[in-house]
């Protein structure tokens, strides 16, 4: 004879981001949440009776629903609010909430540089042909304002609304070629990086393509030794999470970041 | 002066799964698609004019929309249909489509074992306390029929519809303890694995919890040396992709598999 | 005042492979081991006194040292031998050993196909230029005999001994182009895969390059519609682990698989 | 008839770290190198003749061998030195070297904080039992001085030399419990993080265990609301790379960082 022993259910890796909008300065939160519940669910296992099994989809929705009002930098307080909500149900007697917050470093009032694993790169070829290049990988940047996407063509598969101002995030991969090698390649690399970061945050853009082209143009302006620069700028989507489905007013500040799929944008800016 | 050189845009890692339903036997496809387009988009980069930039969200929707009619095991044919659709637009002159298909091995008429990286495990403790256990990790199984989820409680955050028959997929992690060590631990491990696989496919279930409990019960029945077995059964969601938004009849066979979040189900079945 | 509470130390992700050589037929084991010890080590934490801290490097060496005699498919027995060895020390009172075995499927007497995540691929371009190709990724193969590497140039940085017979493992990535699209692309893909696998195992080779070229040649022979095939064949090194350092006879059957660095071999075979 | 077309060989993911020792202040480099060569190796593919195939093991050794003298922050210059060395061989006519440098932020004269993906965590349980905790993950720290490991027991499997001063690197995972919840959980988290970082760099240690215990003690001293703190401190080994095998003087500043295996150290510091 067998019986159910320890058990729990819940939802893991629920990714939530939230913009805390100020007049000029925004805060940005980026968390992943795990909720595990315990309760009187033996008959769910043994009989297939789901009367006490709060669906994990509902658990996920609850996290987004409560994030709008309750998610601040006091992660423990938000976790406690979630716990309270779940254990208020008669058949749930224990909740465990774990929150993992990705750390972003503020760069401007509305711009942030993300964790990730940024790397400086160098590429040298020699022999039949000789070429020297350098680059950057994993430079993760996000801005809460200053990016639009509108005026695009529509067909029967187009449901994307036009956006006058949207959250924009990408992980910059850039590679450039030197027509002549600078005296100080480290200082040059730092100048390119600073130019990219500054113009990602400072320049309003109509698309990832537009944003990136301006960044490339500024790099060519700043460093005469660079003949061309190639960018790969995956659009790391932060999908607005529609809270009106739950009868809530949607303030437009709760997002669902997704890692797949991503918009795949690549191009080269060269001297005329 | 700078100008745009080589460039392309598109969508990467668009995951699509499709059930090809037969009378008794189903086929299952599981692909990831990348679409990269080229065309007359210089002014998008330089001026922020998006008139020719088919949104990558539309590209994604197109893949799902055409999958219902055109996705078969002839991947090249589906890729060509996608290419044709995109280059039919006046401002797109080149499309590149790459498809990556995960390989599933048929186990039953409607059951499949996935690639993944299955591992056999063993855990032995000795000293103050002695304990011998074994396990399995990364055993990925999917069935296209024979799983329901209904009768669950609803609150204001519940939008999940009840399902009389749904696609069910998980990556089984199981660990069990031996009250006495079997003579042939390899044969015993194979018997446990076969019992888990057989009952995942053969037994109709009302939930992951119900499915897993039956699997555990059968393992305890089959192997007297096992005192208890613990399961971790992440619900690897395959979300129905709503095609009616595009004016298409939705036949209910095109899905969007997601890796995060996942339903997180764990429990132990023990002897009475 | 603070004090040490629960604690343990050990070594994780110790990768060991072993060939069990038969007259014609070899067995192959591929495991990752974790050892965690507990004992009387409070003064190591509080005073920096290491007298009781068996180094984790010694723990690693012990695993390799005992693998030669004791590692079989009875993983639990090997784990127990390791536990016994460690708790025999006066200051260690508990050992926990976990073993994770990667599963390889036997293909020939001395050839195996590994877990991994094998994928079928297709690449289609259309518009200004049209091209149809297909491929395979993550096809992991290993043979315990039938591969040499000798006669290579030596300089002051060369310490690699010549090998008349070595273990050879790779994860095949192949991409090929169709000059005309076959009627049944799925059957063609299966034929290419079978040809690659069969010739990896059947043909003696003098290097990865030599092995791969023969595979490519056979594919071109077998499928007239293929105009060229490109291979990427990372040499997944299994380093012999020198047991003579421990005063043991070294039977040459215990290896240390490493994921980085890897030999990076790529080439295209085309029709004349 | 088939023939060899484009081809290259080399070594990828060769990880090299180097300490540039100053009187008081050290620099630290952490790179991954890929070398790809082209040359007259057709007969290697078609005939198995290796006379021109510089072994990828030799390529790896060359990178370590030349790093001692030539690796500085001018990555392009080091890449060029490598290229020159390889194309000086009569049968190699093209070399491509790519270098990927992980970025470390200087914290002290000899201490650095690594990229990684640092995360703040919170864990709250509520219901039958209530508990509030917080933590940190992925805090990567490395110091080039101030860490020893000696006085440990030796047996026949011990070949590790005693070290009076070694490079020490770990990725800190810490979790602590609150006996009462601080008013400002964010400020408290920052204080714990600063305490851990400061004492990792400032305190000389006799082992990872010793280092970590001091860190935990200081956290308990600094934050009265914390009742206990648990650490997981994987020893991320940087193995000295023995250059004397190549007839070079070994200055002891070139290392081979490995991700597996790792020393697995965990413990809890609690109040008395």
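For this structure, a couple of remarks:
Per-chain numbering from 1; labels A, B, C and D assigned in written order.
Please note the rule applied: a residue touches a chain if its C-beta (ideal position, glycine included) is under 8 Å from a C-beta of that chain, and two chains touch if they have at least 3 such contacts.
None of these values were measured; they are calculated from a predicted model.
The set of chains in contact with chain B as well as chain C is empty.
The most distant chain from chain D, with centres taken as the mean of CA atoms, is B.
Per-chain CA centroids place chain A at a distance of 27 Å from chain D. Between chain B and chain D, the centres computed from C-alpha atoms are 35 Å apart.
A separation of 23 Å divides the Cα centre of chain A from that of chain B.
Across the complex, chain C meets chain D through its residues 1-15, 32, 34, 36, 41, 44-58, 60-62, 65, 89, 149-160, 205-207, 209-210, 212-213, 216-217, 220-221, 228, 230, 234-235, 245-247, 259-272. Put simply, chain C touches chain B in their complex at residues 38, 73-77, 79-80, 82-84, 87, 92-103, 115-129, 132, 134, 137-138, 178, 181, 185-186.
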